[in-house]
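The two complexes that follow have chain A in common; it is paired with chain B in the first and with chain C in the second.
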Partner chain A sequence: MWVYEKKLQYPVRVSKCDPLMAKFLMEQYGGADGELAAALRYLNQRYSIPDKVIGLLTDIGTEEFAHLEMIATMIYKLTKDATPDQLRAAGLGDHYAAHDNALFYQNASGVPWTASYIQAKGDPIADLYEDIAAEEKARATYQWLIDLTDDVDLQDSLKFLREREIVHSLRFREAVEILKEKRDEKIYY
Partner chain B sequence: MKDDQVRYYAPYIGPFDPCPPIRIKSYNVPPQLFIPFQPPNLQQFQPADALRLGTLWPALYSPYSSKQSRIEEGDNDAEATG
Partner chain C sequence: MQKQLDEEYYRLLHELQAVDFVLVELNLYLDTHPWDTQAIQQFNHCSQNRRQLAQQFESMYGPLMNFGHSYSGAPWQWNDAPWPWQV
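Moving on, here comes the complex of A and B:
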């Protein structure tokens, strides 16, 4: 069960009218290394992982949904006032044909999200290593998105999200260390 | 411009490359790579700063500036130093 707070985790301000940037941001919305994939990956893996790290997957998976909301807000702000012609000029003509100004879970190239982006191997180390890789890939995506815009306000929110990927990566690395420890083994003697 | 979280390298430049070369390239090495397990009692940011920066701990803070503003990517003529 979740408790919803009707506010964003971090403020999102977009100062430049740039619908093309909305197209690029969709990589982090419905892309392979995006926030939707992250949230669903972690919240699903937690059922078959040692009890000690379930809470970590719950917490981080929940935060990924907060990030998803921030990305959605950015895309929405950049496209809500765009005319069909402006969307076409931004390379979003095919998006408009299928979705009008609605958001949809697809990547920057228009490929719809698929569950094959994520994995639950059942092996705790394999799953946590995938999670670490996912965080580093998302961090890299944020770097390239920051490179793609000169809107300092948008960059500010993206830098916050990039920092969170760094913290999450370290927490998953620590989870691996916790599972490597032999501390509790004697209860099975 | 010295940034401890950026590494530089000089890629091979071919004699017949079609485009003007980028002589120095860079990649990012953020702090979590160097902390296997976070030790207790690390120095903390003030709460207001932590909320803005995305982390409570200076040891985990990783600023990132757009490649557009870095000499090795933005200006091919710049004398880039590693």
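Moving on, here comes the complex of A and C:
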């Protein structure tokens, strides 16, 4: 069961209409290392992971949906006042033709999201290593996105998300250690 | 229908986001450090604090959560804007 809370995890403000930046941000919306991929990856892996780390996957997976909503808010705010001409100039003419101003789960190049971005191997260590890699890749993407804009309001929200990736990565690394301890215990008993 | 949002709305929302951030952080930390009783104490303390803050926010600006986790006035307030991406 999930319940919705009518607020963002962290404020999202933008200081200008910038459809080109919105296009870049789609990488974190429907891209391979984006928030949708992250949420679906963790919430799916948790059914076959040892009990000790189910809570962590549930909580981080849930937080990723809050991040997805923040990215959606950025894209929405950066494009809501854009004319078709402005969208076209930003390389979003084909997006406009298919979706108008609607959001869509695709990456910055317009490639739709696919489940092949994520894996559930049934092997807890393999899954957690994938999760650590995913967080590090997302952290890198947030850095490139911060570099791509001079909007300090937008940068502030992106920096928050970049820091969350670092914390998630750390927690997943600890989860690996917890499972290793458990695995080593089994050798003696 | 969009309510008129005053400075108090943003102040309270910000305060709630701040305490909720601490709670998310403590929650994830405790998921991998379940024996840290000091962190658990802090978690429970913040949890109580956030409950009061949320109650105050909701009494002024309507329900934060669906499915019975918040009360509603009449008419049904859940549909009322603003939604998170509109503020």
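One rule holds for everything that comes next: the second predicted complex is superposed on the first by the 181 of 189 C-alpha atoms of A that agree within 3 Å, B and C clash if a C-alpha of one lies under 4 Å from a C-alpha of the other, contacts with A are read in each partner's own complex, and residues count from 1 in each chain.
The criterion applied here is as follows: contacts are C-beta pairs under 8 Å (C-beta built on N, C-alpha and C of every residue); 3 or more make two chains touch, one makes a residue touch a chain.
Model, not experiment: these values are computed from the prediction.
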Chain B versus chain C as contact partner of A:Y10, first or second or both or neither: both
First (chain B), second (chain C), both or neither touched by A:K137: neither
Which of chain B and chain C A:G55 touches, first, second, both or neither: second
Which superposed partner A:R88 touches (first chain B, second chain C, both, neither): neither
First (chain B), second (chain C), both or neither touched by A:E174: both
Touched partner set for A:A72, first chain B, second chain C, both or neither: second
Touching both chain C and chain B, counted on chain A across the two superposed complexes: 10, 167, 174
In the complex with chain C, residue positions of chain A that touch it: 3-12, 53, 55-56, 59-60, 63, 69, 72-73, 76-77, 167-168, 171, 174-175, 178
Chain A to chain B touching residues, read off their complex: 10, 139-140, 142-143, 146-147, 150, 155, 159-164, 166-167, 169-170, 173-174, 177
Chain A contact footprint on chain B (complex, rising order): 28, 30-32, 35-38, 51-55, 60-64, 66-68
Partner chain A, residues of chain C touching it in the complex: 13-14, 16-17, 20-21, 24-25, 27-29, 31-33, 63-67, 69, 83-85
